[in-house]
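Have a look at the structure below, then the notes.
By letter and in written order, the chains are A, B and C; residue numbering begins at 1 in each of them.
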Amino acid sequence: MTDFSEILQIVGLSILVSGTSTLIGSVVGVPLGVLVALRKFRGRNFVRTVAFTFYGFPPVLAGLLVFLILSRGGPLGFLGFLFTPIGMILAQSVIVMPIVMGITISAMMMVEKRLHDTSLALGANERQWRTTALHDARVGVFTAVMVGFGRAISEVGTVLIVGGNIRGQTRVLTTAIVLEISQAHYVEATIFGIILFVIAFAVFAFLQRLQAKGVV
Amino acid sequence: MPREPLPWPSFVTVWRAAFVLSALLIAAGMAVSIDLQPRSFIVLATTTSARDSGLLDYLIPYFQSDTAIGVRYTAVGTGQALDLGRRGDADVVLVHAPSAELAFMAAGQGLCRSPVMMNQFVVVGPNQSDPAGILGLTNATIAFERIRTTHSLFISRGDNSGTNIIEKTIWSWVGYTPSTTNDTWYKESGQGMAATLDIASQLVAYTLSDDGTFLVHSANLELRIDVQHDPTLRNFYSVIPVNASVHPSIFVTGALRFAKWLTSATGQSLIGNYTAGGVRPFQPDGQDLCP
Amino acid sequence: MSAAPLSLQGIHKSFGAKQVLRGLDAEVQAGEIFSIVGPSGAGKTTALRLLDLLDSPDAGRITFHGKSYPIRSPESLAQRRRMALVMQNPTVFRATAFENVAYGLWLRGVPDAELRGRVFAGLDFVGLLEAAKDPAEKLSGGEQQRIAFARAAVLNPEILLLDEFTANLDPFNVRLLEQSILRYRHETGCTVVIVTHNLFQAKRLADRVALLLDGQFVEVAPATDFFDHPARAETRAFLSGEMAY
């Protein structure tokens, strides 16, 4: 049923969708996390609690909400993003962002309070301090990004609902596995599962090497 | 006031690079996905059994080469397929739920409704034994009654799918509603047809299936068809192009071409010739009722 | 109005119900090493934080050459950048020794070429030039504190504030750091305020000593007078070791 070129296409789309959504989720989530962790503002604790709650937000539910929004009948229907890769990317970004933000907040909150005094004492203003704190917490923040990617590449509900699992267009590894299982093709499903695992492993191994080398 | 320099500038550079890369990827994604007119493909919403029979993957390449229109189909439950049509997310719908279809048409959501083909539901049971003695029957109600009285193992879909609803209808004709709590011989899989067939095969049990899916998988199953050609178990498929009034983005021309192609001589003969598991599950029953 | 580089007038500070400082008065002269001693919890660190404009007093004024700076104003940032504070227990950033020492210069936008020169000079000053590329966290406690000192010294601050900064260090590093301060003050003429609970250290380094007791400066005197002929009974009690600290 699926030939090699089709498998390649599925793998490529998986990496593209999950990679891009991790990127977007991090670009938004990390600065937000830094601000929430470091800046005092009214309702800060509330925002923090909400961010942590969204960790456990079920991806299927996010998929449903994005579906309703991107549907032709919905507010952003005119974009025509339903059943397309960009729709899947946007939907996964919605899931990844709170995860990256939440773990970033935790990492930033672990930065020693005395570092703040040191930093100010050496002449930093608040903005410079935020960059300093972020730099000091970078291992934790990097972990946040990795966890975000792990969630994106392994989730199935969102991409299934928003993408539609269309052959050649919006089928990724996880939705392909679901399809094979529903047709009792357990061998094919397992093969896709192994490929997914290998990809995740390769990505994390690479990122860990970057960490060890002190790039991050 | 000039901006204060930041310590560890490399960190900020990484963020900026990530931001630019994100923007590029989003732009590329949008460029690929944004609705280009004229569209070169239709979005078809259909059911899992239509997909699982393998018929669509067989037909679509023929359609595409005949018309140069692509078909992107998503297989969901009957209810959701019609809902996608109602929302305008699908250009054309192919389902087999006559009462729901009529409601769809009555609400003005379908442009036209053409019958396409029919297959049937069959009662399948173990290859090597027949504890309920139903082999060769052509009446599913009698078969179900015998399964009940002999307490023979029966696997239900248990998922409110079209097949599950038919199964419940037959039980209502028998006058008895089995439940997993009261009847140890009655099990629910909660899964799709192929998985349910697999379970029936493993547990040496009976189940109800559409013949298309069964035939596609029969080689891997220790099951055989016990009850077929029951007139009440015929399963009628219709194709419904969505009404343009539902949403301006509907690709009406493409949807109509698809509907007409399915009911054309070419489409109908392909449907009739489609073979799965050595048998032809679909009987062409098409009629072009579209303008 | 005093034109001394650093002047405290009637400083009061409480945290909640606890009143820590109850009226500090002192004047630090240009180029002197002014040591604050006293029991733990007397408010020495609080005083130093107020001096570095990290916090503001509930009452009283701190003036620098006669000017005072409200804590959130841009002028206070500028004044903070003319001072430097080294804290007890090294707080180094997760970066190389070089990057740590360069931190303050980065913040001020010092151009690269000049920055490199000053950082290497600073590392050399504390004897850690070979460790420039090493991650600061991998250094020993004493080495980290030397980095912290270099980090403050390269900024050429007008006022150097040191908060028990040789506490918990081995004798070798203590001696090295004390010599660095003396050398630094000799070479640059900067004003140094050093908080310490080590009386011997105060004796070795200070020009003048102030005893902080119950939130007030009980006695402020030149070092020799303070140790050899203390004027106040409390000072004598403190020096004799009767007071546990």
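One rule holds in what follows: contacts are C-beta pairs under 8 Å (C-beta built on N, C-alpha and C of every residue); 3 or more make two chains touch, one makes a residue touch a chain.
Note that the structure is a prediction, hence the values are computed from the model and not measured.
Across the two interfaces under comparison, A-C and A-B, the one joined by more C-beta contacts turns out to be A-B. The most central chain, judged by the distance from its Cα centroid to the centroid of all protein Cα atoms shown, is A.
Set against the C-alpha centre of chain B, every other chain centre is closer than that of C. Note: centroid distance chain B to chain C, computed from Cα atoms, is 77 Å. Distance between chain centres (mean CA atoms), chain A to chain C: 46 Å. Here the CA centre of chain A is 31 Å from the CA centre of chain B. Contact with two or more other chains is made by residues 124-125, 128, 132, 135, 138 of chain A. Annotation for chain B: residues 4, 6-8 touch two or more other chains. Multi-chain contact residues, meaning those touching two or more other chains, occur in chain C at positions 95, 103, 107-108.
On chain A, the positions that touch chain B within their shared complex are 1, 16, 20, 23-24, 26-27, 30-31, 71-74, 77-87, 89, 124-125, 127-128, 131-132, 134-135, 138, 164-169, 181-185. Listing the residues of chain B that touch chain A in their complex gives 4, 6-8, 11-12, 15, 18-19, 21-22, 25-26, 29-30, 32-35, 43, 48, 52, 57, 72-76, 86-89, 191-192, 194-195, 197-198, 217, 220, 247, 249. The touching residues of chain C, counted against chain A in their complex, run 49, 52, 54, 77, 80-81, 83-85, 87, 89, 91, 93-95, 103-104, 107-108, 135, 148, 151-152, 155, 161.
Chain contact summary for the complex, chain C toward chain B: residues 95, 99, 103, 106-109. Within the complex formed with chain C, the residues of chain B that make contact are 4-8.
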